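A single structure is presented below for examination.
Labels run A, B, C, D and E following the written order; every chain starts at residue 1.
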Amino acid sequence: GDSGGGSSSGDKVTYLTAFGAVGRDAFAWVAQEKGYFRDAGLDVTIRLGAATGENLKVLAAGQAQFANLDLTGTWILAGKGEYPDVRAIAAIHQQTLVSIVSLAGAGITTPKDLEGRKLGAATGSVNQLLFPAYAKLAGVDQARVTWVNAPPAQLPALLASNRVDALSTFLIGAKGLEKAAGGKKAVVLPYSAYLPELFGNGLIAPLAITRDQPDLARRFRDAALKGLAYTMEHPQEAAEIMKKAQPAADITAAVGEITLMAPYVKTSGVIDRQRVAAEIDTLQKNGLIPPGLTPDTAVDFALAPAG
Amino acid sequence: MIGLDRVSRTFPTRDGEVTALSDIDLRVDKHEFVAVIGRSGCGKSTLLRLMAGLLAPTSGTVTVDGAPVRRPRADVVLMHQLPALLPWRTALGNVMLPVEIRRLPRADHRVKAAELLDAVGLTGFHHRHPYELSGGMQQRVALCRALIQQPRVLLMDEPFSALDALTREELATQLQAMHMSAPATTVFVTHSIAEAVLLADRVVVLSTRPGRVRQVLDIALPRPRSFGHSAHVAEAAGYVAELHDLLLHD
Amino acid sequence: MNASRPVLPVAGALAAIGIWWGATAVFGIRPLFLPAPPDVVAAFRAQPGYLLCETGATLLETVTGFGLAVLLGLLIAVTLTASRTLERAALPVLVALNSVPKVAVAPLLVVWLGFGPRPKVVLVLLICVFPIVVATMAGLTSTPSELGELSRSLSASAWQTYVKIRLPWALPQVFTGLKVAVSLAVIGAVVAEISNPSGGLGAVVVLSGMSFDTPLAFAAIVLLALLSTALFYLVVAVERLLVPWARAIAG
Amino acid sequence: MNASRPVLPVAGALAAIGIWWGATAVFGIRPLFLPAPPDVVAAFRAQPGYLLCETGATLLETVTGFGLAVLLGLLIAVTLTASRTLERAALPVLVALNSVPKVAVAPLLVVWLGFGPRPKVVLVLLICVFPIVVATMAGLTSTPSELGELSRSLSASAWQTYVKIRLPWALPQVFTGLKVAVSLAVIGAVVAEISNPSGGLGAVVVLSGMSFDTPLAFAAIVLLALLSTALFYLVVAVERLLVPWARAIAG
Amino acid sequence: MIGLDRVSRTFPTRDGEVTALSDIDLRVDKHEFVAVIGRSGCGKSTLLRLMAGLLAPTSGTVTVDGAPVRRPRADVVLMHQLPALLPWRTALGNVMLPVEIRRLPRADHRVKAAELLDAVGLTGFHHRHPYELSGGMQQRVALCRALIQQPRVLLMDEPFSALDALTREELATQLQAMHMSAPATTVFVTHSIAEAVLLADRVVVLSTRPGRVRQVLDIALPRPRSFGHSAHVAEAAGYVAELHDLLLHD
């Protein structure tokens, strides 16, 4: 599973994917395979990440230098003072991909249909934390929605077995869900329809890197974004590259993810200061974080592409 | 009652087979008391275990009541050379074990068990566990456990080996009395020639390696017999001397 | 000797806490990774009712699952030792099934058995049963040959042999299995609760972990450790009660 | 009896597979929940090299961790049985530490020990060591009193008493612990790999789960089961080799 | 050499204390051979275990060479009433155990161990494990294990109880020869009065419950002695009768 490059030259860095080896993370292996990292003088080891919190701990412990993380989740934690010492350096998903996903025939076509239903989500995920804000804007009585916690890997089975009526998950997982549900069509209600200011995944580095080694961060960012651009253009090849490094990956599912996330991706990785401010505002208004977090403590705008 | 027909028994070991018993022919009649003597390691215990159905003969047949012995029978009781007491049961509990297993009436046998324990000198030790008893006491508990079953065939493997001379004499005398009043077919392995002469109708002398029947001696003394104080003291001494010589010139 | 009865374990516990505390202080470990004892105490004192209630939930699942595992484990062990054929055919399958990681099974159990306590009890059962089976089988096959001959020569039925001789003899070894199993039982309950955090200390661990409240997570872990230790010593106490003779015949 | 040697376990395995297959067919279970045997075989045949290589990684971690656990477990057990004081002080702490769910510890180990094989080996060690300690302690304290007296009357040193008498006597019970531990070892490796999926069959399980490839996950689980069974029977074989006398004196 | 001074020993049991030995005063001189006889359960084994330092007296003091016995001493060897063999070692391996533990030269003692095993009639059984040996054979292995240590004090608890009369006589005769050529201070518990008279300088008779010294009898017979064939047969018989009576009227 070690995807460390063959060359021993270059700065050694460890990079954590967002969630194992699925389509949304394929660009890292593309950057590796295509030599973008090497060309940038980097010797990157790609490690498979788990949940946002675990990945943050690994960053904090200095076991990794860069990670692909859910920016909204990271900022909630940073805002609560739990983990302020990281900075975003590029956005992968311009908008959050968090969505309500149910199966066709379950009778959930609008947010309102969620009332009186059971909703599954990854234990402690931001999906649940964001729901009140979403519910308010979508006119759902959130008191009438029952939440069920489960590990991420377990969610599809819960939906497919009708243990829950809908999931709050990333919309790019919908293809996999359809496959899991035996071909039933998935109904997707993205949070971004009501909360357009929220970001999705992004590249993150500890303050120690962005402050003390900005050049390293810049080189990494550019190489990774180059991989992202190539991935968006060649989803099939990107999936195959990832599969080569991670044989447990599934090409069809990965291609599906890459295609589904395309509308939310800007390959420039731009992070817009106004939108960051708007997101922080939304998070504070909904009581998810106390006042205090500013765009500059969330994002290193010297490093983040500006447009 | 018990018949052994050209019975041999070998044990496999890493360096070849050991023949414990070879070509044994022996009949024990109903109610007869047969003593078995022989040097240590000659196969006495093996012989009893064959009769008890705990071992199968390598060749030949063992019969009880004419039926081949394939497994232990309820009417044949073996008193093992080791006490083999259950450490979690008291003396009384150990004696009651066969009663429970054979589903005999408990209340009656409880009284009988207590009587037996008293008879072998264990008054006051009924509720002691084996590890609180001396070696000889443990052996006496095992004896009571065999006797309480009142079997038709009683096989005893050195039942008095851990006892002092006097207790031994007392118990041998009691055993004789029991055998006279309610005779069980008995095969009695002993190291004491005097004991064999006291108790047995016939004494079987085994030779060593491989164990064979060297001689069978009829003890033609009237009962009850006693150790050295009877009218037949000279005859008894003669038997003892004869058996002694038989063993000596093995 | 007797006066020191409660002193020693307490001393051991204090030493352990001391090392823990010292480490957090000396290495300047952040509470996020390893909170110091006072943080944990504070976390507990913030919501003792909630934590104790969740402890109760975990305890109930653990005890139920453990109890079922004892019954099932003894049954399996007796069955497998009764027939050599059965043992040779079934034991490998049992070993293979046991090696399926319980963490991977936990989600499936929820799918099959729902969100209630049932999948948790079943997971505890699954994780406990194997040590009990292995230890009981070892105990049942270690009857000394003279006791084996005794029961055979008494023509004891298979049932009687087990109840009167082999099982009592095996008890000390059964308790070895029970001691291992009881500490796995708590772990099993926690694994199930982590995978389906609808209650219990496992849910506290995972939920507080998600919200980066490591002291609360540690308060739950400390309660788990206490729970597990209490159950372990309960098993030890039952052992002392049931097999005093084992210590008497050992030297 | 001897002719049937390999037949019985194979028959047992076939029966188990049959039940599994039958269940998937009769209840119409979807491959997502429980793939049928052919799906799993197909998943294996799609990339055997990869799966075998990951099996090797898991095997290495398991064996290393298990080996260390054996050494450490014996050491702890000998130490604790050597001094009653130490036992009373340290055992409760050990029990408490053991009850900390390993699933919760796994992520921390990565933080402390990095991504290499070290956190995995350590997790295997942690999960294995307790059954070995408990079983070895039970064995060491079951020396029959006459053998205890023998060694005392020979004025044997503590070390000699252990090496020549108590440890050999304890061996059958030590192996009970080893058998339980070896199957936990595999589980430990998987737990570690799931939490840090950088290699091994646990990584395959978790990654294929993420991409909804349940047959591949099951192929990995089946390999785990085979691995675990093989290691279990390896321990059994070593036991037969080292303690033939235990079976000879049992009846 | 060995001194017991008002020694008592009680055992706690659930229903009160059992007094095994009460108020024992006894001295065993250097190179002396003392036999101890008494009824089963009178405390003989307890007495030896006190001398061996395996048990502490409840009151009184046990000394060896004038020093109180607090733990087992290297120069005092006890042969236990049970064989207590290690099941994983062969006969030879069991005999070699003390050699290994006491770090005596192995090669020499290996030869000696083999000689001892041959001397007790176990030729051909050196490499057998205990479960492949008969009860008497196991006891002889335990005897060899005690003898190989050539201790200054030898304590033997019914060493010949599992042996047939003849093997017993042979081994007793050998033991006498050994004691004459290289005398160890010996305390020898036996059930056989004849054996006690054959071997001992003095015979200690214990009474039962609680065990007390009932009588100490000096055996003033010249050595070497033999069973029944010597010039002193009448004197020996007299001792035997006297001891028998002492036991009988306990």
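The definition used in the following text is that a contact is a pair of C-beta atoms (placed from the backbone, for glycine too) under 8 Å apart; a residue touches a chain by one contact, two chains touch by 3 or more.
Quick caveat, the model's predicted, so the values are computed rather than measured.
Visitor: With a step meaning a move to a chain it touches, how many steps does the shortest path from chain A to chain E take?
Guide: The least step count works out to 2.
Visitor: So which one's got more C-beta contacts, A-D or B-C?
Guide: A-D
Visitor: Round to the nearest whole Å and give the separation of the Cα centres of chain A and chain D.
Guide: Whole-Å distance between the two chain centres: 37.
Visitor: Rounded to a whole Å, what is the gap between the Cα centroids of chain B and chain C?
Guide: Result: the chain centres lie 49 Å from each other.
Visitor: How big is the gap, in whole Å, between where the Cα atoms of chain B centre and where those of chain E centre?
Guide: Chain centres of chain B and chain E, defined by C-alpha means, are spaced 27 Å apart.
Visitor: Specify, in ascending order, the residues of chain E that touch 2 or more different other chains.
Guide: Where chain E meets two or more other chains at a single residue, that happens at 82, 131.
Visitor: Using the touch definition from the top, which residues of chain A touch two or more other chains?
Guide: Each of 57, 60-61, 153, 157, 161 in chain A touches at least two other chains.
Visitor: If a residue has to touch 2 or more other chains to count, which residues of chain D qualify?
Guide: As it turns out, chain D has residues touching two or more other chains at 33, 111, 144-147, 149, 246, 249.
Visitor: Going by the touch rule stated at the top, which chains touch which?
Guide: Touching chain pairs, listed by label, are A-C, A-D, B-C, B-E, C-D, D-E.
Visitor: Name, in rising order, each residue of chain E that touches chain B in their complex.
Guide: Residues in contact with chain B: 11, 13-15, 18, 37-41, 45, 81-82, 121, 127-128, 132-137, 140, 158, 161-168, 191-193, 244, 247-248.
Visitor: Name, in rising order, each residue of chain A that touches chain C in their complex.
Guide: 51, 53, 57, 60-61, 77, 80, 82-83, 123-125, 148-151, 153-154, 157-158, 161, 163
Visitor: Which stretch or stretches of chain C touch chain B in the complex?
Guide: 144, 146-147, 149-156, 160, 164-165, 168-169, 243, 245-246, 248-249
Visitor: Applying the document's contact rule, which stretches of chain D touch chain C when the two form their complex?
Guide: 4, 8-9, 11-13, 15-16, 33-34, 85, 88-93, 95-104, 108, 111, 130-131, 134-135, 138, 141-149, 172-173, 175-177, 179-180, 183, 186-187, 190-191, 194, 202, 205, 217, 221, 224-229, 232-233, 246-247, 249-251
Visitor: Quick one: in the complex, what on chain A touches chain D?
Guide: 1-2, 14, 19-22, 45, 47-48, 50, 54, 57-58, 60-61, 63, 152-153, 156-157, 160-161, 176-177, 179-182, 246-250, 253-254
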